[in-house]
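Got some structures for you, see below.
Each of the two complexes below includes chain A, the first together with chain B, the second together with chain C.
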Partner chain A sequence: MTTTVAQPRTPTSEQVTDPGRPRFGAALRWETRKLRAQLRARALVIGAILAPIAVVLVVHSQPRPPKDTLFGRFATENGFAMALLVLGVASQWVLPLLTAIVAGDIFASEDQHGTWKTVLTRSISRSRLFWAKAVVAVVFALLTLVLLAASTIAFSVLIVGAHPLTGLSGQTIPASSAVALVSTAWASMALPMVGFTCLALLFSVWSRNAAVGIAAPVVLGLVMQLVGALGGIETLRPFLLTTPFEAWHGLLAAPRFTGPLLESVVTSAGWSVACLTAAFLILRRRDITGG
Partner chain B sequence: MRRFIISVAAAMLVVLAVGGAVVAGDGGGSSVTRARLERSLPVAFANLYADQAKLLGHHGVTPASLHAEAMCDKGGAVEDDIGPGSNWNCLVSWTDPANPMPPEGYGKFELDVHSNGCYTAGGSSKLVGYQTITDTKGDVVTNPVSEFDGCFDPNGDNTPTGNLFPSLTSVTTTALLPDADHRISLQLSCGTGATGCQGMLSAVAGSTKLGSVSFDIPEEQTAKLRIPTPVPAGTDAVDFTLTVTRGTGPKGPVSETSLDMPAG
Partner chain C sequence: MHPDSSTELAVDAVDVTKRYGPLVAVDNLNLQVAPGEVYGILGPNGAGKTTFLRMLFGLIRPDSGTVRVFGRAWADAGVQVLDGVAGFIESPRFYPYLTGRQNLEGLALLDGTDPTRSGSRIDEVLDVVDLAGRENDKVAGYSYGMRQRLGVAASLLRDPRLLVLDEPANGLDPGGIRDMRALVKRLTEGGLTVLLSSHHMDEVEEICDNVTIMSRGRVAFHGSIGDLRAMAPDPGHLLSTSDDARAVVLARELHPAVAVEPDGGGGLVASGASHLLSAYVADLVRADIELRAFTPTRTPLEALFFMLTDTEAEPDEPSEPGERFAHRQQAGAAR
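Let's look at the complex of A and B:
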């Protein structure tokens, strides 16, 4: 991850005219280094790989399948169903939490340690620092998602087995196409996860408090889920950032429907842009000299 | 202070937005509709029923050969058929030569439908069997149709399917209990269906006619019918004739049933 995002850029005209000003790449590199030094970031990466093994083993050993979640019915005898069961549970609060632990802290930690003045006196502009932090948080979120997805799918199939999967229209999906569908379902989590990252960034900038930055997006996620599940106010559903977490259902139905996936792109992008813009404006207008 | 005011204002805005949506919404914006369920449930059912037939070794059952159709209803006659809830009932009819349907022509499924368009359906064990079945190899396996999950497209076709099934009138009383005047009463229930239940119940004790009572019961409700004439002393059993003019009866339009009088 670090090698791809922190690669030194080719010299630009900007650098020539302003040799003393650090480039965006340098800011990215600092932020990546800071993140790599954090114990919790490392713990998250390791957890994303190891936790699914434990979950799969525990669920697999249950005498009765957990029928109350989609695909739980077949989870103890079908690896693909197990991977989708874990997906359904993870999207409820695990994914927002995974990204918020890093993104909710990334700005607030500068407040906590009183280091705003130090980083800004390296004569990096505030906007470059903002984008560097935002990019690092988003890349980290996607990295943990990829690791979690790969680990879940791999160990579900290894431990429970790859059998034909019963889809959401009762159809039988052969194991060969089930792999692709389950992977696509996991991939569809990327956009809402970026949305939650941006939400956590906003809370991190606005609250200047890591606890708020981490907890608020998770709590908001749970509230949105509750609102989305209530009857009578379903007109709100398309605007909730938790709705995209359920867009994958259409992939497992026959005939397949992708309308919710398209809507999820709009919803996630809307939330991401709105949160990033608000965070950016708050940080720019902020008086840091007193810090 | 300014941040505090902004956050309070933001919180109030959210509460107002949700509150406004509750008032304005009134279920009208829900993607959970009767037509979408009626299109989705038979497809899932037919696929799974064919799986069950394969497990049981019944040949010639394919999802298409079943011609499954459904009529769905939420909360009986008193509630609109829209929105998520655990009070959806769907009547499903299908054709399996090895397993003929009961006279009413359908089986009832109880559905718990979520706002995201996914549902859990449980079928009546009389028609689809219990949770586990024994397959052709002698293994005890999960019955795929006894309970299953499905999802429909929240933007899918919402034009009414026009599937209508009659309500089933049935006698729920199992033992007669005469009152102090030796009069008896019988409880009838009217099941889920398009029509509600109307008809006539007449009772005969041996050779004595006890008269008849007409009934008109809305769907998913019960009614207690009191037979006007007292039962003569020494009667062993009372024969009832249920003539259904609207909806259907347990054995078609006219059904007969007999209940013993308590000893003494």
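Let's look at the complex of A and C:
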């Protein structure tokens, strides 16, 4: 260390009486910058673009189509069916995992690195930091969904072809309408994905452990799918966070029905608000003793 | 103490208590730090120093009592309490996948400063802690001492009026300790208020004006370093002679004010005022007893520190320093 040590600045009266107060945007910039520097975030973005190409190529090269899967029967000969097949599989566990990798880690990594005390001894409040992290996690989830959807639809159509699609009721949907319907179906994943993001945020705050924050939402999602598949739980099914993943089915039926999509808004919003509120309260009341 | 234009106390902790289940980490602590003062909190590990500093920074909440910083309390002012305050708790921690500069830029953002405008200030503080040239290396590759210095740089970035350092020399090599102390001393010369926690008496003695000694969450002493020195026992020396038995007898007969007792390690320990020890050593030589070693065991203040904290740990066996200390405590409480 140098022996010629500079003196600290004498704070001016302006600094003392009106110190800079970090805006919410500053916390957002900081969280975004950290995320961009992380290898896992970059890998997820690249994976969201490239993985669908590999999946489409592999399924397309199969001699027999996966008939037991929704739209699987037509997946090897119709690009729109291929995009919907990928959507069905992705909604089972890929989408929850995709968002949990970042959201499940975003709070827990502060515990892992012992950096809560570093950031909370600055001029930013816990509340602003919490919301900045939540916004960044949600935006990242939506970004990866957009990339995954765009890549899947584009490469499905390019590799398999853009032919008229056979709907769930056996009706023929012209290719021009199919593009919009398939895109809307993918877009309907946004709300439950935000719900899973908030669930991962809650586990991240509560457990202080990235592994729990990432794995727990995925496992819980699989459990909810199992529960949803059971008979005799019709009253419970609308409240499961995995139910909105199936809301798009009505778009591909004849006549078309959108009730499940409206229900998915309520379900996803309910889960999101409940998880975020719980996570916020836990972080607000928590004693930062580690690190 | 260096008076400041502000009459508000830099730190004013009143009846602060923090419990973790049955464990009382901080027990009814009262502590005041005046502006411009260099204040030490001393105590063994687990004494409650870090818990108190965490409460000061708002990282944990006291169960009872209030901590005010420049007149602001967390309950009323929230994070504004930290305006003009900087420092670190235990070892400073950073994001290992970012460079030192990126870490500082991010922290500047969280201070409400635009990093594009704080760039020169970052250069300045990096230079102060001698990290210029290494700022673009990832923190993952930094040594412990470099991280410690980056912690000081991150603190200085806030242009603090109060600098809180929790065991800043912990884990540093002797050169690093010397440089860290030099840095803190130079910073205090500019009128900065410093609250320094340590479990090294010599560190506090070298840097601080006033000190609070904590033991098991309670205040064991507070007052000036001068007051503390006045309470310090006579220095002890490790003694090795050619005939330890005769050396003990000689002390008993000729120097009753010098206590000479066998040491567990095989030699003797001699305690007494410096001039009496000198006379005793001279008599040893005159009596043809070879003096093979004469080494100070611990400084008087170190000895006092151990006595104070040990006394607190064993309340059923009060000793003289403990009794004196109670008097100090009462005097301190009246401040």
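We take it that the second predicted complex is superposed on the first by the 269 of 291 C-alpha atoms of A that agree within 3 Å, B and C clash if a C-alpha of one lies under 4 Å from a C-alpha of the other, contacts with A are read in each partner's own complex, and residues count from 1 in each chain.
Simple rule for what comes next: a residue touches a chain if its C-beta (ideal position, glycine included) is under 8 Å from a C-beta of that chain, and two chains touch if they have at least 3 such contacts.
Bear in mind that the values here come from a model prediction, so they are computed numbers and not experimental data.
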Chain B versus chain C as contact partner of A:227, first or second or both or neither: first
Touching partner for A:118 - first (chain B), second (chain C), both, neither: second
Partner chain in contact with A:70 - chain B first, chain C second, else both or neither: first
Touched partner set for A:237, first chain B, second chain C, both or neither: first
Of chain C and chain B, partner touching more chain A residues: C
Touched partner set for A:169, first chain B, second chain C, both or neither: first
Contacts of A:249 with chain B and chain C, given as first, second, both or neither: first
Touching both chain B and chain C, residues of chain A: none
Chain C-facing residues of chain A, complex: 1-3, 5-11, 15-16, 19-23, 26-27, 29-30, 33-34, 37-39, 113-126, 129, 287-289, 291
Footprint of chain A on chain B - complex, ascending: 3, 17-18, 21-22, 24-27, 29-32, 40, 43-48, 51, 83-85, 114-118, 120, 142, 144, 147-156
Chain B-facing residues of chain A, complex: 67, 70-71, 73, 166, 168-172, 206, 227-237, 243, 246, 249-250, 252-254, 257, 259-260
Complex contact set, residues of chain C against chain A: 54, 57-61, 78-79, 82-90, 92-98, 102, 106-107, 109-113, 124, 127-130, 149, 154, 156, 158-161, 163, 176, 179-180, 182-183, 186-187, 189-192
